[in-house]
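In what comes next, subunit A is part of two complexes: it sits with subunit B in the first one and with subunit C in the second one.
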Partner chain A sequence: MTAAAATPIAVQRVAVDAARLPNHAFGHQSVMWWGTVGIMAIEGTAFALTVFMYFYVWTRVDAWPPDALPPELRWGTLNVAILLASVLPNYYTKRAAERYDLRGVRIGMVVCLLFGAAFIAVRALEFTTLNVSWDTNAYGSAVYLLLGLHTTHLVTDVADTAVLGTLMFTGPLDRSRFVDVSENALYWNFVVAAWLPIYAVLYLMPRWL
Partner chain B sequence: MSADGSAGTLAAHPGRDRPAYSARERYGGWVDEPGLLGALATIDHKRVGVRFITTAFGFFVLGGLLAGLMRLQLSRPDSTLIGPDLYNQLFTVHGTTMMFVFAVPIMQAMGVYFVPLMVGARDIAFPRMIAYAYWVYLFGGAMLFVALALNIGPDAGWFSYTPLAGPQYGVGKRSDFWAQLITFTEVSGLLVAVSVITTIFKLRAPGMTLNRMPLFVWALLITSFMIVFALPSVMMASTALILDRLVGTHFYNQAEGGDALLWQHLFWFFGHPEVYFIFLPGLGFVSTIVGTFSRRPVFGYVAVVLSMIATGFLSFGLWVHHMFATNVPELGKSFFTAASMVIAIPTATQIFCWIATLWTGRIVLKTPLLFVLGFFFILVLGGLTGIMLAAVPLDLQIHDTFFVVAHLHYVLIGGGVFPLFGAFYYWFPKVTGRMLNETLGRWNFWLFFIGFNVAFFPMHILGLQGMPRRVYTYAAESGWGTLNLISSLGAVLIVVSVLLFVINVVRSRRRGTAAGPDPWGASTLEWATSSPPPPGNFHPQLAVNGREPLWEPDGVSGRVDGLTNDPPEVLVTTLLDASPHHRRAVPAPTIWPLLAAIATTVMFVSSIFTPWAVVWGSIPIAIALIAWFWPTREEAAKHRKRELPA
Partner chain C sequence: MTQWLSIVVAPLVFLANLSLAYALVPLACQTQRTAPLHATSAVALAIVVAAALLAWRALRTSDASAGTARDDFADRRFLSCIGAWVSTLAALAIVLQWAAQAVLSPCIA
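So, the complex of A and B:
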């Protein structure tokens, strides 16, 4: 009372009645979306810089790769296929989350996790066919850094999905968790999208350029 | 207004006429548990923000004491007080502290405290992440000083050039501590940046369109974007450095196809924008203070905003001007010279806007404005030497001399620290409810201003005379003794000045004049709530209708109803127009961000000694993060109760 009397500004008028608004939202209206996109911007920049490092050390030598064959194509290329295929269940999960379809979300997340596990397994094989070690030369260092960075994202995202997926089975749940599922799917798309240029840099560039 | 309005929005009399409600009854879930556990678990952006600011200021004092030791050593020729090895650690830890542990974090910390209040939000976005970012930052800074105390502090300079910092020359663990400090501060800085961007984009008070945002908020928004795109560069640089050192990669090893210059490119691609992480928030403080103490809106709002955006972009195109003494192509150097000169234009635009504001306003000359006027003087001098250094031939001549030391201190202390002190005086009443003492404030300013110029102006001349930076002593025959002594006396004045500030803070916090909600008669929303603001900031939240809501007749268009305190809810608004979109429940306070930060620290520090720590150290972090994320039944039930019927 005293406060209102002491200041000329009236706040008696109700400008917004928030009780009529929903308590969560999907997509770019959600705060979580901005958090996820922010992290993607940071990590996308880190990927881009690592690619820059790869090409920078390329300019320091005459032949590329120096004293080694390029990484073998089969496992990396298989992973491109697995990752591209994983976009489908991922899309399905996102759609299911956005219509609050708990059963669909559960199925979708399990399938996504299987894809993630397959990808990690093939990634392990990929590391065995790089034809270079991180301590051989700067080329090897750059290859390992690029692949290692992507693998870190892969493992973290699969772990995230596993935790969130478990929560979707066990609860406690409220509807805002479906927003988390939707953002988690967005992040997986980023991991997929990042792999395509990295694959091109690691596997195709040494052959084509 | 309801009776509980006496603390909260537009309150005038904190402490009086308060109904006998407990804080918990009035503010519900916004209130922390009492005691130590509550303090450790808090995710209130104001408590975390004050901690962040205080910690960063503590590191400023520590870094300043290291500088004091260096000035003591250099005050006379042929001094044997401090040996070369310790001196190397002193200047490295001084520079590293001031850039990574003081300046950038304190600017972000000011954002953590004030951005939510200035945009009229009840909370910051991702408050738990902010708490985690603070703890990680604290532990990282502590690690640096523990290393220094154990005589294993980094010693290769604050930009840690390879090969000096690489495995061939940087033996021992010193440069590893440097690289891991970078890891700590980048994790913290990036998380704060994402949180600040999201707060600005999505939590503004209804009606605060982008076009009505306070200029300080614009400054923090642009800075945060720059951090998102620049910090990853030093992150990759220092990761590659520590990999070279610990597992034998060859990124910077010339002999195996690497390149030492790669380090310089990566470092300065981050390092030049970093100057602007410090400078842009400084510009934001200046705009805020100039407006309030001229009693009028800042002249040329759009020009100021566009200038800051232009500065943000241009700052990414300057990094090679730190590398003029290397073998980068001459044509490239010309480009970077031109870019370095172009960036003077947006800065000048802003300075002219402020002059116009002051010229046409009714000036109230209080301590915050004094610091801003000091900023004008010092920054203009630093800018002029910047234009000199941007010219390749001159740069080659005075590269690595004290001229550069003088320049960078004029720019950073003038552009960052003077506005920051102005901001301390300006916002202290908001944070504590009490005014800082004005007389002590004037002493603080004049001693700092005079002391600064006495300490740093002679360094220009010393540099032109050829005194190199980073030498632990010099011969009497060089003739540099007098100017060095003058410089050291100036440093004494700065120490006294900062001491007066600390005394002022300690005294005023308890015994200063009561401030009331809006002691300066300012225009922005943080002054519409009580001082200090209650948990949850605004009760009720306000909707605005103009750029200077507390100055315009209908600036505050009304209140927001229908947000609960239990669970604590914030209003999420749309990006451009800030029209109300939905409610969002804020998570409860929790100890897990602290535990996750401890686990993170264990991993980062252990990885200096064994690379396998990255593997086993991730397990406790993962456990802490899962516990942090996992909702309680009670929380979920509360959220369900607030859902709209399907």
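So, the complex of A and C:
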């Protein structure tokens, strides 16, 4: 055995004091952001598949919509206006959360909740003016599935906003809650963005194509 | 009616349980008591399992009444089938969520 081999090797361990790291972050540094983006990818795919199904049915019939009039425009169009208007308070709420501005978040969430409630109320009216039932034919099933899927997202997000908003008033509060508010606002943008192509597919294309 | 209840109520109960758990976790951390979390999951699971059982029973009943008008029969059977599977899926989701509550500390940020 050589002398060099017998010499003990000094091992240096590098340690990081994790206690100094923040327990939350906004945007892509947050696990919540990745979860929200993953859900949006999955749900966006589900919407795309349903739209594909709608157009597939379209290719199998001579006249579109088959045995029905297109859905009436008024309530669906009103919901486009409500959703587009809701982007502003939603943006305000997201910015307030990223500033840890509790008062701004409270105001923003109440306003967003009112927009969500208005949208759900008009959505209920939309279902009464589709001019087709879910069991009339394959077209009716596709229409109900598309609108039902979007309504599910809407109701889910409004319920989440209500719970989060209540916690913002009642507590207990820590700063990581503001990340949840920010990601909740991101998800609402997805609900808005998803509605525009669905509106075009359900309401405009049967009239224009 | 039973079929629609299974289709609508089961996912809503899952959503309510998720929201309640979200609100209760900080309290569970502060008090070091997880009993309220387990209680809400247990109640939610009981409701959803009841909805699933009703839907499966409705599916069996619709099979037995196959002699009625074709459209009615098809609708009822279809809704029963959807209700049975949706409520079963909701029950599974609640069980998985409950498992996470049982294993993880409520104080994990």
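Here, the second predicted complex is superposed on the first by the 196 of 209 C-alpha atoms of A that agree within 3 Å, B and C clash if a C-alpha of one lies under 4 Å from a C-alpha of the other, contacts with A are read in each partner's own complex, and residues count from 1 in each chain.
Just so it is clear, contacts are C-beta pairs under 8 Å (C-beta built on N, C-alpha and C of every residue); 3 or more make two chains touch, one makes a residue touch a chain.
Note that the coordinates shown come from a computational prediction; the quantities given were computed from them, not determined experimentally.
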Simultaneous placement of subunit C and subunit B on subunit A, clash or fit: clash
Chain touching more of subunit A, residue-wise (subunit B, subunit C): B
First (subunit B), second (subunit C), both or neither touched by A:Val163: both
Contacts of A:Leu209 with subunit B and subunit C, given as first, second, both or neither: neither
Contacts of A:Asp135 with subunit B and subunit C, given as first, second, both or neither: both
First, second, both or neither for A:Ala15, with subunit B first and subunit C second: first
Touched partner set for A:Asp174, first subunit B, second subunit C, both or neither: both
Partner chain(s) touched by A:Ala63 [first = subunit B, second = subunit C, both, neither]: neither
Partner chain(s) touched by A:His24 [first = subunit B, second = subunit C, both, neither]: both
Superposition clash, subunit B against subunit C - the stretch among 56-64, 452-460, 524-532 or 632-640 that is involved: 632-640
Shared contact residues on subunit A - subunit B and subunit C: 23-24, 135, 159, 163, 167, 172, 174, 176
Subunit C contact footprint on subunit A (complex, rising order): 23-24, 135, 152, 155-156, 159-160, 163, 166-167, 172, 174, 176
Interfacial residue positions of subunit B with respect to subunit A in the complex: 1, 3, 5-6, 8-13, 16-17, 125-126, 129, 190, 193-195, 197-198, 201-203, 206-207, 228-229, 231-233, 235-236, 239-240, 243-244, 247-251, 253, 256-259, 262, 265-266, 269, 517, 528, 540, 542-543, 550, 555-563, 569, 571-572, 574-575, 580-585, 622, 626, 629-633, 635-637, 639-640, 642-644
Contact set on subunit A toward subunit B in their complex: 1-4, 6-7, 9-25, 28-31, 34-35, 38-39, 41-43, 45-46, 49-50, 53, 56-57, 60-61, 66, 134-142, 144-145, 159, 163, 167, 171-177
Parts of subunit C lying in touch with subunit A, wherever the complex brings them together: 11, 15-16, 19, 22-23, 26-27, 30, 71, 75, 109
